[in-house]
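What follows is a group of structures, each given as structure tokens.
Below, subunit A partners subunit B and then partners subunit C, in two separate complexes.
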Partner chain A sequence: MSISLRRARAIFVKDYKEFSRNYAISISLIVPILFAFLFRSAGPSLPGAIGFLFNISLVLLTCLVQACLIAEEKERNTLRTLMMTPATTLDVLIGKSALVFVLSALALAIASYVMGYEPASLWAVVAAVVLSIILYIAVGTICGLFSKTLLEASLSVIPAAMVFTAPPVAPLLFGDYPILKVLDYTPSIQLVQLLELPPGFMTGDILKPLLIISAWTVVFSIISVVLYQRRLKDE
Partner chain B sequence: MAVIQVEHVRKRFGNKDALEDVSFSIPKGEIFGFLGPSGSGKTTLIKILTAQLNPTDGQASVLGQPATTMQQSAQKMRFGILTDNSGLYERLTIEENLELFRQLYSLPKSSIDKVLQFVNLSGERKKKVNRLSKGMRQRVMLACAIIHEPELLFLDEPTSALDPVNSAHIYKGLRYLNEKGTTIFLTTHDMAEAESLCDRVAILYQGQIQAIGSPKELKKQHRENVVRVDLTNGEAYELPVTEGTADQIADWMKRGLIDRLATKEPSLGDIFIQMTGSELL
Partner chain C sequence: MQFQPIYENGELFLPKFELHMSFNQSIGMITDLRRKQLLLNQLADHNQYYVLRAGQNEYMRLTVEELIAFLIRVTERNERVASLMDYFDLREVRKNKIKDLTSSKRMYVTLLRVFFAHQPALVLEEPYFYLEEQDRRQFKRILDDLSKEKQILILTSNLEDAMISCDAIYRLNELGLHPLDIRDSDEDKQEVQKQDEANITLKKISTKRKDKIILFSPPEIDFIESLNGSILVHVGGENYDCALTLTELEQRLLNSGFFRCHRSYIVNLQKVREIITWTKNSYSLRLNTGKEIVVPLSRSKLQELKALLHI
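Moving on to the complex of A and B:
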């Protein structure tokens, strides 16, 4: 399947204009920054704060906005109209995802600065955040594709929030049961491990979380592309 | 060369046939009308021709290629489509909506002015779509469908939300597009629209084509051999076309009694009712 950057850019610009005029959704942009100010006043070294900030932002900004953008296009039949233009599935998905990617990266960078967060390995954190944003965009796309309206899309993010943000706090809530060890393989826990990397870390401490997050990202990205093509076919 | 060739196409949803053994072809440069009530299979056929659906049986080709390839970018450059499933970006202006389509089709900037003139919306270009009337939205959607001057245009009820003045403007534009070589495939409930615009029409009912031909041919085939005579004294007669009737009319004419003399020609709507026993809804 071919990709036209010109067409993807046209969809990006269109989404930016729509997003900037849709205050109900664009308000999500301040979520990470609000949390950052909240935690900053509680103390920058608050345990688990940075992990919680990133994970909740990825759900309430990245996943929610992507789900709403897709659901709104479906609700208004514009996604089908786009499909009938020369734009390919990848042109549409890349164009739509690029806006959410840029907004998420920007908001998380500002939130990190506000909190005074300094990672032990900048490149590892950047790589993990980039992969996580792509993962949550894919999850948002799936939520949007299964929603008929904007309201449904907002609600569909709740289960995603439970699945993707709860694992880091599960042992605190339910105790340290062996079965909960499986949650160590969730992307949110792996992201927290990278964000809270201690000084003097080993290469393996970075590689394992990055590989696990990459695997989640690849799987969900493929699922979102396949579902996009299937959900928009009338069979 | 046929722009659209449909051979024995059948489409089954569950245990119901939406289309049963449909065959027809549309040559280049024709305006072809598909008439039928809601649920008769018109939209299903458009979806098959634009690769949004696969037929259960049979074959269809569009612009010389199998219809299943119509989702390829190169093919999508060649046709335009306006259906009741088309949508617009509500928070953007008319111009911003068209700008998106201009870029998706890699067109020059002048294409926006040209198409706005075509749909009579040049003065409204800065208006946001969520402030437009239903008729204006319909015209913007049509503009999006034809901005790239396609070889083939699919139109599903193109003037359903328009007033007579704007409908007439759109008809004029469609004829102009057709004169420039665009083949038009349209579905409509409006019999007057079909008669005035279409070179040929097909009547689709319960998934089958009941009749196909030019409006003139169909009317001729279904014409009752009856003449209606209105006399100056207020009397009116419907008489069979026979030698006796001719003598009678000649006599009335000599006596200056004939006020109006007409053949009784059915409309396309009458033909549809005659063939299916149903009214177009």
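Moving on to the complex of A and C:
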């Protein structure tokens, strides 16, 4: 399958214009920044705030916007006509994902600046966030593909939000059961661990979370691309 | 292109047929909603057919100019936006968002997607349905230009829509694909009118129903029967009273392909599908009017009928 940057860019520009004029969706851009101001006023005494901020923003911004972009095209049947143009599956997905990626990265950067967050290892955190954004874009794509309308898409994000933001708070809610140790392998907990790395860390402390997150990302990206092709063939 | 037969509830719903498309000749096909959907489902090959369905929508928040620019870039064509805007005659609305256009203009802009198709065949479902007169003319012009390089098939349930831009028109029903020869039949009609203007009023059969007088042309009539002294004219499953006697009607309809098949029946031979032999001395005629209609045939009339039909 060929990838043409020219076509992907055309889709990027088109989606950017649509996104910026659709206030119902573009308002989700301020979610991370809003949370950042909220937590900053609570002070640095709040533990786990930065982890919660990143996880909730990844769902409410990255996942939701991607799901809505795909579902809106499905609702208007424009995705079907896009398939009849020379643009390939990857062109369309890359064009859309690039937009969501840029938006998420920008919003998260501003949010962490507002929070005054300083990571122990900047590069490890950047790598983990980049991988996480791609993971949540894939999850958003899957949500969008399973919904027929914009309304369904915004609702379908809720289960995804529960699955992906709940693990860090699960021990607080249900107590410390051994079975909850499985949750340590979820990407959200791994991201939290990286974000709250103590200053005197070892290389192994960085490597393990990064590997686990990238495994999730690769699996979900493949699932979303395969699902995209299959769902659109059925239409 | 070839279409596969489709059965529904054990009956043939869409017969197998083949359609030969060529350049410079756009084809219109008149059929119902269900058959349109079934046909479009068979045209799923994205390398062969560009299918534009009736439910197609557009990116509402882009302006017309942005949309055309997007379509040019995503299809990797080399045209310039400005020259295309002139060609499409969209200069005046180029800064308007698609959602702010009138519904006819919005449909017209949506239809322009076929212009950017790279497939050799374009299939459009009901393209003219939502268009106003001026947009219809514009779109017809674009389709005419496109037909020089592409094969165009228009699916519609409306004959008038098909006549706007199609060179050949077919009607598709459960019996198959039938070409409609529109131009010729128009000319024929005019000639007929000139020839026997006086006879035309004579050929109409006047009937009565609830104080209304209804006139039927002979080809519309399925058969006529005499029942309890009154004459009933059967048309499309309904019956209407007629004041004339069967003998008078027989005389009048003799030249229109009607036949007195029984003491109390006159049948339109154009509609007879089958001669049923019950026993050696008992016969019936089955009509192909959609509903199951059987008309008795006298033994004495059988020979006459056979002679008439050269059997």
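Assume the second predicted complex is superposed on the first by the 233 of 235 C-alpha atoms of A that agree within 3 Å, B and C clash if a C-alpha of one lies under 4 Å from a C-alpha of the other, contacts with A are read in each partner's own complex, and residues count from 1 in each chain.
By our rule, a contact is a pair of C-beta atoms (placed from the backbone, for glycine too) under 8 Å apart; a residue touches a chain by one contact, two chains touch by 3 or more.
These numbers come from a predicted model, not from an experiment.
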* Partner chain in contact with A:S121 - subunit B first, subunit C second, else both or neither -> neither
* **Which of subunit B and subunit C A:S214 touches, first, second, both or neither** => neither
* **Greater subunit A contact set [subunit C / subunit B]** => B
* To do: Based on the superposed arrangement, let me know which partner A:T88 touches: subunit B (first), subunit C (second), both, or neither?
  => first
* **subunit B versus subunit C as contact partner of A:S2, first or second or both or neither** => first
* Touched partner set for A:T78, first subunit B, second subunit C, both or neither -> both
* Asked: A:I11 contacts which: subunit B (first), subunit C (second), both, neither?
  -> both
* Do any residues of subunit A touch both subunit B and subunit C, and if so, which are they? -> 4, 6-7, 9-11, 13-14, 17-18, 21-22, 76-78, 80-87
* Structure fact -> Residue positions on subunit A within touch of subunit C in the complex are 4, 6-7, 9-11, 13-14, 17-18, 21-22, 75-78, 80-87
* To do: Name, in rising order, each residue of subunit B that touches subunit A in their complex.
  => 47, 50, 52-54, 71, 73-74, 76-77, 81, 85-92, 96, 99-101, 103-106, 144
* Structure fact -> Note: in the complex, subunit C contacts subunit A through residues 46, 50-53, 55-62, 66, 70, 73-76, 97, 113, 116-119
* In the complex of these two chains, what residues of subunit A are touching subunit B? -> 2, 4, 6-7, 9-11, 13-14, 17-18, 21-22, 73, 76-88, 233-235
